[in-house]
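Here is the structure we will look at, set down as structure tokens.
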Amino acid sequence: MRGVDKIFETTSGHVQALDAIDLTVAAGEFVSLIGPSGCGKSTLMRLIADLDAPSAGTVSVFGKTAKQARLDQEYGIAFQSAGLLPWRTVAANVALPLELHGVASAARSGRVAELLDMVGLSDFADRYPDQLSGGMQQRVAIARSLAEQPRLLLMDEPFGALDEMTREKMQAELVRIAAETGAAVVFVTHSIPEAVFLSDRVVVMSPRPGRIREIVPMRLGVDTRRAARTEELREERGFFEMVTAVREALHGETPVTAGPRGVETR
Amino acid sequence: MRGVDKIFETTSGHVQALDAIDLTVAAGEFVSLIGPSGCGKSTLMRLIADLDAPSAGTVSVFGKTAKQARLDQEYGIAFQSAGLLPWRTVAANVALPLELHGVASAARSGRVAELLDMVGLSDFADRYPDQLSGGMQQRVAIARSLAEQPRLLLMDEPFGALDEMTREKMQAELVRIAAETGAAVVFVTHSIPEAVFLSDRVVVMSPRPGRIREIVPMRLGVDTRRAARTEELREERGFFEMVTAVREALHGETPVTAGPRGVETR
Amino acid sequence: DGTGATDGGTDGGELTPVKLQLQWLPQGQFAGYFAAVDQGYFEEEGLEVEIIPSGGDIVPQDALANGDVDYAIAWVPKVLGSIEAGANLTNIAQIFQRSGTLQVSWADSGIDSVADFEGKKIGSWGFGNEWEIFAAMAAEGLDSSTVQIITQDFNMNAFLQGDIDAAQAMTYNEYAQLLESVNPDTGELYQPDDFNVISYQDTVGAMLQDAIWADTERLESDEAYQETTVAFLKAVIKGWVYAADNPQEASDITIAEGSGWGPSHELWMVNETNKLIWPAPDGVGMIDEAAWNATVEGALSAVNEAGASPITEEPPATAWSNDYISQALEALEADGVDVTGEGFEPIDVELAEGGN
Amino acid sequence: MSTVAATGRGRMSLRTESTLRVVAPITVGLIVLGIWQFLVSVVGVSDYLLPSPASIVEEFIAYWPSIVQATLITGTNALVGLVFGSILGIALAALAARWKVIDRMSAPVVAALAVVPIVALAPVLNSMFGADSQFGRQAIAGIASFVPVFLNTLRGFRQTTPVHRDLMKAYAANSSQVLRTLTLPTARPFILTGIRIASSLAVISALVAEYFGGPRGGLGALISTSAASSAYARAWAYVVASIVLGLIFYLATLGLERLVQRGRPAGVAR
Amino acid sequence: MVWGAVGIVVIALIWEAYKLLGPSDGVVIAGARVLPRTTDLAMPHVWDMVGRLAEPVTRSPSALPLWAVVGLAALTTLGIAAAGWLVGVIVGIGLALVMQRWRIAEWGLLPWIVISQTVPLIAFAPVVKSWGSRVEIGAFEWQDWMSVALIASYLAFFPIAIGALKGLQSPDRIHEELMQTYAAGYWPTLVKLRFPAAVPYLLPALRLGAANAVVGAVVAEVSTGLQGGIGRILIQFAGQASGDPAKAWGPIFGAIVLGLVAAGSVALLGVILKNYRRTEEAA
């Protein structure tokens, strides 16, 4: 992504949603986008997915244009709301992309079974979305986004609607799945602990116009690899340090504020 | 609240939502309820507000029955969604309870101005709710719940729909307002840091049937009073310790899990 | 009984209010009643008459039976049906002496008589206007299943466009509508010789049409009503005499009363209506027993496609009475009014396009 | 006491509720019928003015074959109108949803069709399509059905959520795939609602149209003929048949709605 | 707006093009005429229909132009329909209130309200007129136009009752409970919550009710033969359609404009109440 700008024309004038964004995501890397509301996280993601076109600059995915990447189905995508089709069963929802791209029925059902297994919903294949909890729905959406084994996973606040406990479970699961499939992930979130827990790098953005303020690399404890991101991690010291680092990047202060602050966390 | 049970009758049988709940909230105290989805937090709060009746046990508010307390308007309440009436301006929304209870027009507008000032929305008095951001709407709802100077404030996930940054700001504001008005607060949340940040005590609940698992008193740093709950608190060591304590109460483990854990946080 | 209903009672103070229910919108068919109002004939008789037009679904004899009005204009066979259904009504004056119903077909259609109806699409308005057709057909040994009955709406388009082989038409209205329409082949108006005209008056099915009906029970028990009835009939006869003598004026009066027809059509209608009334050898309004019996005969023999007949048994004797019309005629003759119209001469009316 | 109103709803066991749902309307119906019969037979409102329910039933039985025949004729017209009106409504709504221009251009025409009285159109349509065929009535039933189906379908086509549209774009789905997998299923409950509303309109329009010309034999023509000959009990018998016909249409479309939506949430997609 | 005009022009063009090219006896497939006849009798030229409006109704010296006659009649009908609409509003909202208040009333009445609309009311117009003519209370005497208005209200009340019921039941649970926590009784809840919340449902219902009231008024005018309204000239001019085909279209256009005006005036109401519809645009 090179020098990307995005300007929306509205009735009340221009909105500069993104300004001179440069960002490269390595294969298999997990990158989170974080920033206050309206800073352009979603817009950035939509540009990568070719759901919108940039006003300036170029977006390339695996060396192709974003459009070509979309047509070639190089990525899977998940949104804040699960976006399941309510009239399709869980299995049929997961099968949707396969169906649209002409995968034969037998191959399809095999793949769907595999995916539902992966997200732990094999028993719910014939349920309808409204019979599932929010967390389960989100898992279906993730299974769907993985259906065609994309090398890039785009997720826009996929856990935003979930309660904290479900959310933590889903995070752990996502880490596992991403590791299993080896896909690169671009993940939008509002939650600092979530970003810290999941990511290799956290991209902190600032609004009006949407800019990248800082890219915070995550080095959690000694072992920085994904396998280490277990539940216990959340209670580690390094975790809290990283949370603090992102907090400060986000609040845009050079970290000189006074006040009673535990020295250990620095 | 003494030995309170609540059983719902549904098509598929009974649901024991609450089981033998004992809880007393002191005047001016800030108590959070936390627990996984479906553990009965909302039900408990609704019993206090007399929106439902307990199947067994008694609920008393300031020595009265819950019903009498409701009729006497002893409490103010705020829900997860702000629940503003979309056809009323901000000022008219805040004025609603006063209007319903026959407060004279002049006194009303004085009180409304005061309340809007308190939540920092004086400039938005004539706006309609749909012209406000989610955080601002929630502030209006809080102003409304404070309109009649209740001695008890009931809040059911009031910040659930807000993004993390707005949420932190609102938390700080709530602390200030609660301190200013000296009201007791019962606060339902899913977020551990939120509970920790706000509360004097955190009530951790477990589901099926809804029970109180543990009540964790908060002692933050040296100064445990509210005045200390500033932004810096969030980055203090004591804060993380409390978070961990609540996490563990919640996950129900006696804290003996192995694994690489920073010793300092214990 | 100081209202002096029988003799020119304008000086008697209060006028007696009377409601007359018509069987259609205001039009030349009812010119005599409007003329009687306009010329003050009712007032002279001490009456204040309100004429109530009807529309698509108002059944005049029911309005009378329900007590909504004091008198009603209706076709005899329709009322016979109502009487059998329980209405208590009496024909007090048979204004139209002849049937004005036609069945019109194209000149080249080969339909010149009722016998030719078989297998054809026969138009009718329904609403009880169809009994003459079924009676005439019954006399030819045809029943309703041998033809296809098509309901006609308010105009003759269905006939003109070939949806109907033989259309029902009143001499005073629908037949004129045909003669007011442009023949697309010639660009001129249709001419009488473009059509075959079957007049029911010439068939066994002929039935009595516009008659004035009154409430039987009130006639029997209410003396004031009896007096009012005679007074009312006197004024009505004077009205029709006026229409016969002054068709143009009568037509103008009707238009002023809210008829929406154009002047040529209205004049045609008054003139044709006059022909159905005049001359009246027994005096206008007298019920001819033979014609009455023929109508009853026809009504008994007619069967529609649902298998229903207007009546299944002879009507009661109270269904008609010449008592009141005779009194009215006598009084008028005494005043020197010509109530037989011996010298009646219809006028020639030229129809304009669209009746305008 | 007054607050009971707010909470009071729903304090009832499920069994009593489903019983009451059936018993309540029947009770109301019986009460009305009872008052009616009472007025006629005891108070003595003349049977000529207001036929008693009993005499209506009598006529209903006596004219049963004719009633069946007439109901079939009118019912067929209504059905043909409903089917073609609905197809046309759905098709045109699809076009209007796809091309804004068609939507804008059709707006005044649809608005006009929505307010035009049947009485105004019937003679004209008879003239245009021929008074000797049932087509005029079918066309009227079709127009009456078209409007609600069109409006509801158009609304349904607009219900697709941005998430779903984005999803389809992300899948590079072509427009027919989008129509098949997203737009039509989303609109389906709306289409069915439109058809249900249209169903009783179709019956009543087909019936009223018979008042204004065309072949005889339908319910409308027989109601008017019976009423014109003061056979009010018979007219009522035909009216009862037409109510039953309307109900059959309504219940059939309601059943269709339930059937197609079975096992699926009726609400808007999440 | 502009596109709407274009739409009308397109319809007119299709009309004329078909009239020019179509067979004069229409297109008959399998015995059914699926496309209309193109004769002047069946399909007058657009310019004839429009031009006829400017000409006097009849040759009579006192005759007004057709448009004026149609316009006056439309005004009369509008007045009657408005009265019927008002009655429909009162009855409809009244029923909705009762049904909202007591669920048993909803169960008992709602099916009959639905059934009521399958009754061919044209069959009752004469009965209504006849019963009405017997009502006479003191100085009040039933007028024929009231029968027509009553029939109009019969068609108007239905969408209003259904819409109002939906609207009154529409407040979010959270809002209902909020009122409960304020210990607000039935009436304050109705005034402060239910009615305002019902507005977005009520407005389209009132609009539909207005259109229905016009249709009902016209039908009832035809049926009872009431003088002065559009229904009356509708049958009058339909009777003259053989000789003057374009004339019959005048009242048809009049009826359509009338319906649009009625529905449009209710839309104006919506502008006044726009603050109560704030969620509508967002949704």
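To keep things simple, chains are lettered A, B, C, D and E as they appear, and every chain counts its residues starting from 1.
Note that in this section a contact is a pair of C-beta atoms (placed from the backbone, for glycine too) under 8 Å apart; a residue touches a chain by one contact, two chains touch by 3 or more.
Computed from a predicted structure; not experimentally measured.
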| item | value |
| --- | --- |
| Chain labels contacting chain C and also chain E | D |
| Contact-richer chain pair (by C-beta pairs counted) among A-D and C-D | C-D |
| Most distant chain from chain B by Cα centroid | C |
| Centre distance in Å when chain A and chain C are each reduced to the mean of their C-alpha atoms | 87 |
| Inter-chain centre distance, chain B versus chain E - centres from mean C-alpha coordinates, in Å | 52 |
| Multi-chain contact residues (two or more partners), chain D | 49, 123, 127, 130, 133, 211, 224, 227 |
| Where chain E touches two or more other chains, by residue | 37, 41-42, 122-123, 126, 130, 177, 179-180, 183-184, 222, 231, 235, 238, 241, 248 |
| Residues of chain D touching chain E in the complex | 1-3, 5-7, 9, 20-21, 24-25, 27-29, 49, 101, 104-109, 111-112, 114-121, 123-124, 127-130, 133, 135, 200, 203-204, 207-208, 211, 219-220, 223-224, 227, 235, 239, 242-243, 245-247, 250 |
| Partner chain C, residues of chain E touching it in the complex | 37, 39-42, 57-60, 122-123, 125-126, 129-130, 133-134, 221-227, 231-233, 235-245, 247-248 |
| Touching residues on chain E, where the partner in the complex is chain B | 172, 174-175, 177-184, 188, 192-193, 196-197, 199, 275-279, 282 |
| Touching residues on chain D, where the partner in the complex is chain A | 161, 163-164, 166-167, 169-173, 177, 181-182, 185, 188, 263-265, 267, 269-270 |
| Contact footprint of chain D on chain C as seen in their complex | 56-57, 59, 61-62, 65-66, 78, 81-82, 85-87, 121, 126-128, 148-155, 157-158, 161, 163-164, 304-308, 310 |
